[in-house]
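Got some structures for you, see below.
Shared chain: chain A. Partners: chain B in the first complex, chain C in the second.
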Partner chain A sequence: MNSEKLLTVSSSPHVKGPTTVRGVMRDVLIAMIPAAIVSVALFGFRSLLLIAVSVLGCELSEFAVRKILKRPMSLGDLSAAVTGVLIAFNVPSGLPVWQLLIADAAAIIVAKQFFGGLGHNFANPAIFGRIVLLVSFPQAMSAYPMPFAWRVPVAVTTATPLGTISSLGVSGNIADAMKASDALPGLWEMFLGARQGSLGEVCAAALIVGGVYLVIRRVISPLIPCVFVGTVFVFMFFAGHFSLYFALYEVLCGGLLLGAIFMATDYVTSPTVKWAKVVFAVGCGAVTSVIRLWGSLPEGVSYSILLMNILAPSLDKLFYPRVFGAVKEKKKKGAAA
Partner chain B sequence: MAEKLTLKQEFTKGILKENPTLRLVLGTCPTLAVTTSVTNAIGMGLSAAIVLVCSNVVISALRKVISPKVRIPSYIVVIASFVTLVQMLVKAFLPALDDSLGVYLPLIVVNCIILGRAEAFAGKNPVLRSALDGLGMGIGFTLCLCAMGTIREILGNGTFLAGIADLLKVFGDNVFGGFNGFDLASHYPGGVVPMTVFILPAGGFFVFGMLIAAVNGIVERKGGKKAREPDCAACPMAGSCAEAGKSGAPKGEDCAVKNGAKAAAAEQAGTDGAPVPAPGTREGGEVA
Partner chain C sequence: MRNTAPGAVLRAVKRGRGGVHVAYNKMTAELDTVRIPVPEKVVIPMSQHIGSPCVPTVKVGDTVKVGQLIGDSDKPLATPIHASVSGRVSSVAPVTLHDGSTLSAVTIESDGEMAQWEGIEPPKVESREDLIAAVRASGLVGLGGAGFPTYVKLNWKPTQNVDTLVVNAAECEPYITADYRECIENSYDILSGVYTLQEFLGFKNIIIAVEDNKPDAIEILKRVADHDNDKGDAIKLMTLRSIYPQGAEKMMVLSATGRVVPAGGLPADVGCVVMNVASVAFVARYLKTGKPLVSRTVTVSGDAVVSPKNVRAPVGISVGELFDFCGGFREQPYKLIAGGPMMGFAMVDTDGPLLKKNNALLAFSRTSEFVKPLSDCIRCGKCHSVCPMNLVPTNLMNEARLKKTDALSAHGVMNCMECGCCAYTCPAGIPLVQYLRLGKALVREGAKK
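After this line comes the complex of A and B, so read on.
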């Protein structure tokens, strides 16, 4: 009996690492806590409500669709919760709750579960949910309440700094025009988050803290976020006539840091090979910059990530590493003749 | 065709079982382009159906005259003649519809459904059968467009049958009391607005995919054949599979790949044991 047990060998893998989907997702959730706290401070308890509703909406969608499709339950892996928080981070605090729920359902059901669930989705579900909202309800998605507006009875909604910059329409020295404009907060305010924007994108400091936590916990590698942000910085440095102020401002604007740290680094929808990752991140940065500078939309982070998500498998194939010791097969010339 | 269908089956097959857009996936371009409103969908569907029936009848009548070598140009000439006729009629009597369909009306000439039926059916079958086939396919196409148009218009625009007065004008002015569709959005509860994404191309693809899935589900439940069942020729494992290349397709339990997939599917379904359709139940012939 005992020897029989000894001789029975299960199939590999025999050694398992401690990393689990649940653990990774829990770390991502922890990394998003600073940004969530800042959003509550800036936009009031409505942002807490939106985050909670979004998480619930995602988990419920996941539960319902897996029940109907008779797939094993996957609520415990927390991936739907991460999607929920990210979608809430991507909307303005005044968004009606029912619109948020539509985005949750679209993200989880259409983008994730219809393609086979976690690990099979072609695009980041949160990005997909945001874009569904963006094209469906452009009005609600561009009404950004002022920070701390929840303390005053009449809430004012305005354009984000990015929208203001593109409406300035200055072709010469953009940095001086920006410094002179009353509608634009200063660099320091941009860094701390005292500006209009989506729930989670406003506070660069909180996002960077979360990103550093993820890097220390080795959940993400800093490669994609650094190259993504770096590309936008370089692009804007040249586009703004070598103005450091303008380039820094553009980096802190919009959802760039949120997208670069939390959404472009999604394991499922970003490449796995190193050089493919670099090209992926450069592509994200370039598309973002091009949309911001010449597109009709003020912000392009979500579209750039969606586009590069779709290219990710091809990039992986393009930069497939050579097996150690293997010789590249020579093309047979004239073999057919 | 393994066995001959009755005349009634010839007519009804186009509506669900071999629906041109949802089962054969032909004519996708007009399907996605014009279904932003039900009115456009009806106009497009009926125009295509008229061309389809007429061209099927003429091509079937001429099938023994047309040389196989020049059959495609001949079919196109016949189809183009009818499309020109329909286009002139629409321009004369329904100018508003002509405006909203735009380039998609003359493009019926190269609609895959019409050429596909000419090639696959009318060129080989007698006139009556071809006419019924064209009628069934045309109605199937129109129904599919209407279904997509209904979903997209209600969700994306908040209206239903908007602009239908332009179509009803055929029967005379104000016959239907000036009925011009319903404005549903004005009855929505406060703050609820239509989702623009549904009238954009992306939403068209969503709705199209969902409808294909739904119709495939219905047809399979009724015992029709599965939409896509790979055989050895299309199988990526054919090179290393011992059964591939043996006489005939491996039936049922012989195919290692299918058994593997079946085991994986059963494993994924857990103890539930979702019914996996048995391979090898595929029906004889397939429409070209």
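After this line comes the complex of A and C, so read on.
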């Protein structure tokens, strides 16, 4: 009788699926490996140093703040490591390490832990970290070394392709102007990553490989990335006077793929229900395009995601799904109540 | 999603919304059903169905025989209860069931004879009313796990225009093989049960639905369905995708017929009746012999059981006796479950009796399948994407925590069927079903006020 008292009694279901928070974060880290390898190949071992420092900075910030606030330790869930890699992916390889550490601390302490830690933050910490850097150190954040420059003794820093396009100005023969410009790499080079840019954003191929891995592992659904990128494509197609070349170029440019695949899909800060996700992604795409075309900044991916992060909870409410089998009238009643 | 009106052409979609892939672990699938020796005593609770409990019709000291009525009630939904062994009534008193609830029960000390009651004779069935009365007298409740009285299910209103019978052989819960064995061993009873129901209840379509992970059952049921070929092929066998909870009534209706059961409604609202395959076979046997529901097939399984089996056992036998019959426990079990691992109830001890609705008794040791570290919700939305009812469990959880009764009912918490997909899939290990049950209780409480 004594032994029978040891039986566990709890609510059903009694079996649990294999997915854990740690497992999800580990999959995201794995998905970022191809982009990390390419960044080392393009920008040298300094990019590896930045990624390592950033991961360490985020984990240390997380550890310190949890300790000071006397909250249970959360290093094991690897979410800080994901933030760390993402922040490193968002900076040029020449960024001073201390500036990177400031971004890490801001992201983890202010954007994440002040709101209660993983699951409670309203803004993507990595996006927040990047924006802190953009407004604090605009000089360092726009000095992009040429790809493979680490092999030559004198490194040259230039503007990114996006900056160059901005300076060309969008007109009817934009595609020809872009093809003629010496400062702009071709489409294939853009796809493979041989261009100036932040560590993780340059190689579209590596990012897509990571995205496909996440979709296959069912960590993310392809909905947000596809709609986000699709919206930018359609926007640019019309803005560039129906130039396919220009639209494709814009998709491969800047941090769009990195943002769409790894940052807009962040569980915590993106909506939960299907149609809210669609509107969220369309909003991200539209704001990105508007900033790129008419804003004073060359790039708008991080601002667009941050803006839509703020709207995400409201979108979830607005597109609250109808219960299976519920008729439309009932929904109206529910909305009025 | 289509909302096909009753009577419209059936369009199967083969799978419903949401759902999860669970490891099936049907270890007992190939094992013939074995009969357990007559127990020394049985404890038969007076409520083995959803609805009002029965009142005992016997008193201490009475001699009863197998199949004799020992409990009945006039109240709605009450289903009669019969003695499962012959012997002497030793007590009529409240007992604690394995889910912890207390209920009046009749205890019978067996004489080991299993003598059949003299009053047992095949019922005369000539009309729909006769059949429904006979099904009530048989004490049949849904054998698939919920224990809903079958006679109530069959007694639909004429306005509901029911034209379709779905015979549910999906058995989507892991481990359980009781229905599977029924298909393999008693396929003739299934056929004859289908014919009987069709004759008296006038179904136009009969669909036997089974998941595609049971090829042997599919083959046998195909023979059952093809038996009708020369009569115009009214019986169809449908192979559904194996995904949990394929066997849930509303999902089953959607998968097999393409009809959408309205929220808060029953399958009869779209002209369908879903019956468990074992229940159908039982109807056929009852009409032939008149022997009421006093025993059932139960799967005894789980990694803590020495030799898992499919056991034919009298209702009321102690759970511990069934586990002992299957070789006892390999080690001290971590959890005992009556029913499947997704929807079953955890038992507090092994003293409780086997109920009519228990299709499985499972014993598990502590493995990673059962424990997951608990953390805060990361808003991944997986609970929503797997919910067959299209609810947002994480949102309902927050509303239940804050006791927002109005929001809970507006967001449809009462539609939750507690299938467990959300809590199964949650990466943060949150017991979402428990929160949803809390939410449902809050709404019910609010409605009373």
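Everything that follows uses one rule, which is that the second predicted complex is superposed on the first by the 311 of 337 C-alpha atoms of A that agree within 3 Å, B and C clash if a C-alpha of one lies under 4 Å from a C-alpha of the other, contacts with A are read in each partner's own complex, and residues count from 1 in each chain.
In this text, a contact is a pair of C-beta atoms (placed from the backbone, for glycine too) under 8 Å apart; a residue touches a chain by one contact, two chains touch by 3 or more.
This is a predicted model, so every value here is computed, not measured.
Novice: Figure out whether A:283 sits in contact with chain B (first) or chain C (second), or with both, or with neither.
Specialist: Neither chain B nor chain C is touched by A:283.
Novice: Figure out whether A:44 sits in contact with chain B (first) or chain C (second), or with both, or with neither.
Specialist: So A:44 meets neither chain B nor chain C here.
Novice: Quick one: is A:70 in contact with chain B, with chain C, with both, or with neither? Answer first, second, both or neither.
Specialist: In the superposition, A:70 contacts chain B only.
Novice: Touch test for A:240: chain B only (first), chain C only (second), both, or neither?
Specialist: neither
Novice: According to the stated criteria, A:57 is in contact with first (chain B), second (chain C), both, or neither; which is it?
Specialist: Neither partner.
Novice: Does chain B (first) or chain C (second) touch A:210, or do both, or does neither?
Specialist: neither
Novice: Figure out whether A:98 sits in contact with chain B (first) or chain C (second), or with both, or with neither.
Specialist: It touches chain B, and chain C stays clear.
Novice: Looking only at chain A, is it chain B or chain C that touches more of its residues?
Specialist: Partner touching more chain A residues in the overlay: C.
Novice: So in the superposed three-chain picture, is A:138 touching just chain B, just chain C, both, or none of them (first/second/both/neither)?
Specialist: It touches chain B, and chain C stays clear.
Novice: Taking the complex as given, what residues does chain A use to touch chain B?
Specialist: 70-72, 96, 98, 102, 110, 132, 135-140
Novice: Tell me, which parts of chain A touch chain C in their complex?
Specialist: 3-4, 6-17, 19-24, 74, 77, 116-120, 221, 267-268, 270-273, 316, 320-327, 330, 334, 337
Novice: Which chain B residues qualify as touching chain A in the complex?
Specialist: That would be residues 191-193, 195-198, 200, 202, 206, 268-270, 272, 274 of chain B.
Novice: In their complex, what parts of chain C are in touch with chain A?
Specialist: Touch list, chain C to chain A: 1, 3, 17, 20, 22-23, 100, 174, 250, 260-265, 332-337, 341-350, 364, 366, 369-373, 375-382, 384-385, 388-392, 394-395, 406, 410-412, 415, 418, 420, 423-429, 431, 433-434, 437.
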